[in-house]
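Same chain, two partners: chain A is paired with chain B first, then with chain C.
The block that comes next holds the complex of A and B.
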């Protein structure tokens, strides 16, 4: 054996493997799904980003005019709108800032204009790229165009498009807008601290004490996941609003604003924080506690030196997840935010209220920054979490302690009371005829067809969306994850795909929805046909919730033996046969989990779809929003509870189906 | 192995194979020929490249350079599905949701066989691996050894020309392992299928292989029959990796002589120039004890090579069941000790005990010389 380091790969070509049919199929499949992600995520986001940098201004010196006398003779004097404006000061500098669709008439520069006058006008662009409209006809080019007075009043200038930071400059010079950044951050931080603290002790009680009714508390803790985030807002209005049942408890403070948003945020983010922290507490190593006890550590010291460090990744992760949920949430601040502006609502107001798409895009970009930051830290923390697990860890067994168990029970009862209470208030509100004047029970609030918001049709649309999303999304996600996990070679492609799959988690729903408008509503886009249909809602929802589904699928696939594909290839069997006969059946529990996740989220999501629904495809969650907006708060609560019951039923069905399917196809699991 | 002797019998031939993972070279210029019906073991420590070589042969991880010929056909760049082999992995990779029968039948489907033909073949294979009644069970319901046999049955179901075994026994406990290696060897002989097995267990390789390929750091150190690699290791690495070996720093004397601690001993022919630093090596069981009754009663106790015999002190004795392992001290070894394995009878008859002295001989034909580790062999 000669000196190893001197050995060198000989020159010459490297062997390129011949692709098998399976390799080709898998690569094509991956390309298709990657293209799907590019078309539904990357391109829309790109469209939004470029929109935020697009500025539109009227350039008054880009046009030249001639005006004849009443006989139709021209003096030869050439006017420009700019010169006219200088003379007459019709418009200020800021009036010239425009949006992509702005138009400007010219008659305002001619104080004695009359459309009946025999005066003739000539107009032309000074450059080839100039544009103006006569009626709806676009005129370009530098040739003079002669128009009579009646036609001249229909001349409209179009703004010039430029790329630059202009939108951002105007955003940051408008206090009403950039104050929202501070508001959003404050709300998110407060909600995060409160939720993580509450969820930690709740999870601690469930994992580390011997109190009773743990199953019940676990169930209650998960309930908020089944409702749209704006539902707690409605409950809070009933409790603490202007005619609230117990508004005295606020001592005059208004629920409409930060207080309401924080309380509601705690409600809807609680389950997310609880799951993460509970997982972190569940995997702690019991041997450390035995060691601490044998070293005569006080419980207090053990808590700070063993429990907290053990759960710290869970806590950090939960904090960033909650932060992200709160800062990107739209429904809740819309319902209960009052005059308190936050970023997500600003996007909605800019786009829906003011039709200022460019500014909407700017706020979106601003909102994406903290969201991506929180997401990145969360991923970093989660990648470190793995190292904590050791095969030799012994699960911690709590021992009964009458006093602390009672304290934990009381604590959990309080939290459960809060969660159940919010839901109960909504249900109560839905059944009351007319709060607070007619307290008799009735079902009139369920007569959705008489309200704004799309009626019962929107409820069934939601179910349709849920089912489509669950089926299509699960197929796309699972197959995509399989291709990424189990195909050979194609390294760059797979890494890129992974990145695309992680991206949706960092993109707030409002931003995604707005990006979809820019991308899919563009008439030049061949995909424009799905705009305004159920298809775009399905696509958007699948993409919006892609990451968690993808990670679930990847986790399940990673537990499959790496060599199944090798064995199958050596037996000369197509990989797709292996996929159908082995991979899918073995991963069925994970597949069912993905579909229920997608269904529940499709039922509750508001943020992304609020920009994309059409009158025909209104959704239940949107109906809640719109009915609330229109003042029909009780029907909104009723619809919100319909979503809750539907999701709860879906969960139960999922449980039964899972059990049935497991019994039938997973007989191999039991010895 | 001469090329002219068996050109027709060569089934698998590997030529100048290289495999690079980035800058790391996992295989360096590997050339190897494997005959038809032969059972070859790739043996080496973890990270030596043996599994990489196996996966290159299978087409699971393509080599960077070099060719693989199988049955006279160049398969160098073919995907696994277009090659002809069956494979058994350490994890068995049995499909957990399919019954044993379905697992074995997996590769028989879509091959033009009818359902009844497949059923017959599956039954035949189950009988062959000695599990005729287990077809309806799921893999999780079988023991590790049984699962291993099913994996084997699945791999040979389609009568592949080449059987690849990737550490097939290392997940099993010792008893089952010994039993199963015998069975696999038997089955291989019966089927006559050319077989390549990867293992890091030298005992397994010695017991099962027709030929052993000893690998280290991505190169082949030696190819030979089990006796060859054991009795005539080609390098210090092979000598050290397979079996026990005393390694004594020494220098070369004249041809057939080594100088240990100032004494010149007769040794095997070695080809080192006089004075160059070498490692003298001898296996513990090759050390000959002398003295009254050292041999079987009645056998003459003669010292064959007086230069190689000397008086040593027994420093330590360890009872290992079928023999005694003794650590012997002598001035020529300096601080290190010579390890010798003596039979229980010899120890009893010589009445050996720690602290006693005795005469030993290092037989000329068993005393080897190697270049020190890290230098060219």
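The block that comes next holds the complex of A and C.
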């Protein structure tokens, strides 16, 4: 009786939590949103990747030829271009790699060819899929076609579709294209160093000094986020172009090229770097500074041993975010890049200029690599960030120092002058009638309907896109974040979902837009109906800006104890009710932040939507690009400033709404 | 919660509502200048008020790219106003519906596709020219060039701007005309020399002239129509017709194979060859498809018509890929910006 030991106990049943109706609903919801991300992100990227491997080659053995003698009689001998090429070595293997648009004449295989000769030729495809042109008539059949010499010289072979690395081979053997990789990296690195340095001292002044007007500087620093990235380019043309207001400052150097791209990049990436660094500098333990002071450390030493290490993760993170923004930006180098080719513009030129979609896909793949790399490092660094503040920490309080405060004030004034100056130049340019010959003020540049780019309709389309994106995007993102954060079990599913949610950040907009063409403009795709509509723009924009929104939502949700779910379950309340009654109201500030983020970005984005807009859905940001492209630079500046004012107004409304809503829903936060 | 659902529903509804609109609508792809489009549609609607035109306007390259990208799922019903070179590309892909519009016989045969029935019909020609800013040129001490070869002179270094043929139809017609006029070898030699003087290559064909008009770069290789317009707007421009001859391309019209509404598309194309339509094209183009219609256009340079080369469109279309590749390897991105 007493020999029954613990290990002999019969195995109990594996206890498995019963899936409640709520769990099922939540998992279903998560699957739906995950499917959305797969359909709008993974599949298009896959389509693009496979496109980059889809090559065109001339298949010389797909055709047969017969050549008559001068009397027009055929010997019956059947030639193929392949055999002729083997004999004569006219073309090498790489000459056979082609684009979708390539053609190849046949006369090069006949050294004696003369278009005046009475010799007759016959040609046919060996298979039904073969294609060749006579002039511009497409011939596809396998019947023999007889041509005289004069017509035979108009025969052009068309390449066949194949799969392989041919596109990559020809990409890396084209110096002009290959050079862009170097250019892109150089520009991105220089811009990153400059921006992060400037933003660091700006953030430092705002967080660690006692200078005045901090609120104003904070506001100014955020202004560039409200305009499309190409707007600084337009301002730079007016400032430093050949007819520029202050072109002498460049001492004869040209603004069109790396200098212009770097200055513009610093402008539009500044707020991004500033936010991250400012957050890192905002929190610091005052006791470290007290310790440093009591050890008689010089301020310089304290700076390098306390301040910089404390902010290092913020600095690294800011650096990679800026790097990513610059290397993937397309509008700015297009406007001010001159002959300085970068990857993002190459994609545009390949696709739009040469209709070479395969090569566009190849450049996209090349561009994704540094973008993903920078993104991965950023995530790695962020995950290493540990709390600097413990319960015993004393927040650092800067003490007034008349001299340094004044230096910081001057520095901040200079930076603010740069930012405000760029915007002011654009507004000024928009109001001038005909720079530089007629300097009277007029509103003719606002007559957008007379310019390329879609006119005023495009402006209202942009607002529409902004609103749809804000509403639809916020719902999808917040609900998705809720499900992934608060559902029980289902670990693999949740981890996968997290991965999908992080992916959009690493994908450059141009790449996403191009991928959407490949995926959605395929007639076999049932989602094809949304191609060319506002819907695809909304979907693309939501997906493009998914990650930051998702992270904002997750952060807000993490602040809510999971006990809420347990309590509601024990009170037999459906989770969805809890979601609507408690979670959403509590997280309202974050929800409003997400929607304004999506709205502002939808108004300013160019890169992703440039391949996707249609006549009815042309956008203000695209209009800026197109008007500049057509040489209507002043109207482009005018439209750019319209975007700025709209976004600024949206921000003000957001502020007012937030205040009102906070008063009503967040009263519990204060006692 | 309820309001959220409503918001989603209304957003989804209005997003998809644009898809479902149904009446006789034609999606017309075009590269015609934006300011002319409303006029064209108005004139057409006077004859056919029941057909609404939805314009898709963009530069020649973009529209061609769009059409080729949509090869398997055409979105356009009609192409009204796209370079003949581009239409030849589309024709060789079998994307055009051959149709002889009523009254096509009244057009200059040079403006009609050789096929029977023709796959496309021309509307008007647009002709290359050099926009020359007299004020800035004087400041820089330049003498006006009279020929293409003049432009390779060292005095113009950094003062010439032209469109990149890889992204601009005007740029391509320049390059193709030089190769036709000077021959393959001399053509490339000429461009090698010209490249030394080029400040930079722009993406669009009208930008060089607008930059010349704004004095940014004194000499812009562009097209005459753009120059005349900028001159009319008060820019200190002179429009120079180089003595060797100038390249040109025509704008043309075609029906896209597989259109949902062939009948309406045919009505539109019928309209595009009428005398009325040709008179309409004449306000912006000195050369139109119907003989005897063209009236002189203000500020258009004299002798432009005689300078138009005997353009071989088939050569241009069939050698396009090879020419662009060669051009890119010679000039694109190899040089850092000058001046």
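Following the convention adopted for this analysis, the second predicted complex is superposed on the first by the 554 of 671 C-alpha atoms of A that agree within 3 Å, B and C clash if a C-alpha of one lies under 4 Å from a C-alpha of the other, contacts with A are read in each partner's own complex, and residues count from 1 in each chain.
Here is the rule we go by: contacts are C-beta pairs under 8 Å (C-beta built on N, C-alpha and C of every residue); 3 or more make two chains touch, one makes a residue touch a chain.
Nothing here was measured: the structure is a model prediction, and the numbers come from that model.
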Chain A residues touched - chain C or chain B, whichever exceeds: C
Touched partner set for A:468, first chain B, second chain C, both or neither: second
Contacts of A:572 with chain B and chain C, given as first, second, both or neither: first
Which of chain B and chain C A:564 touches, first, second, both or neither: first
Touching partner for A:294 - first (chain B), second (chain C), both, neither: neither
Partner chain in contact with A:14 - chain B first, chain C second, else both or neither: first
Touched partner set for A:631, first chain B, second chain C, both or neither: second
First, second, both or neither for A:586, with chain B first and chain C second: first
Common interface residues of chain A - those touching chain B in one complex and chain C in the other: 581
Residues of chain C that touch chain A when the two form their complex: 1, 4, 7-8, 11-12, 14-16, 18-19, 27, 33-35, 38, 54-59, 61-62, 64-65, 68-70, 72-73, 75, 88-89, 91-94, 114-115, 135, 164, 166-168, 199-204, 206-211, 214-217, 233-236, 314, 317-322, 324, 328-329, 332-339
Chain A residues touching chain B - in the complex, by the definition given at the top: 1-4, 7, 9-10, 12, 14-23, 561, 563-564, 566-574, 577, 581-582, 585-586, 665-671
Residue ranges of chain A touching chain C (in the complex, touch as defined): 98-103, 105, 133, 135-138, 154, 156, 158, 174-177, 179-180, 183, 237, 241-243, 254, 256-257, 334, 338-341, 348-349, 351-355, 357, 434-438, 449-453, 455, 468, 471-472, 475, 517, 521-523, 528-535, 538, 576, 579-581, 584, 614-617, 626, 629-633
In the complex with chain A, residue positions of chain B that touch it: 16, 18, 20, 25, 28-29, 58-60, 62-66, 76-83, 85-87, 89, 91, 93, 95-98, 106-107, 109-111, 138-141, 154-155, 157-158, 160, 216-217, 219, 221, 235, 237, 376-377
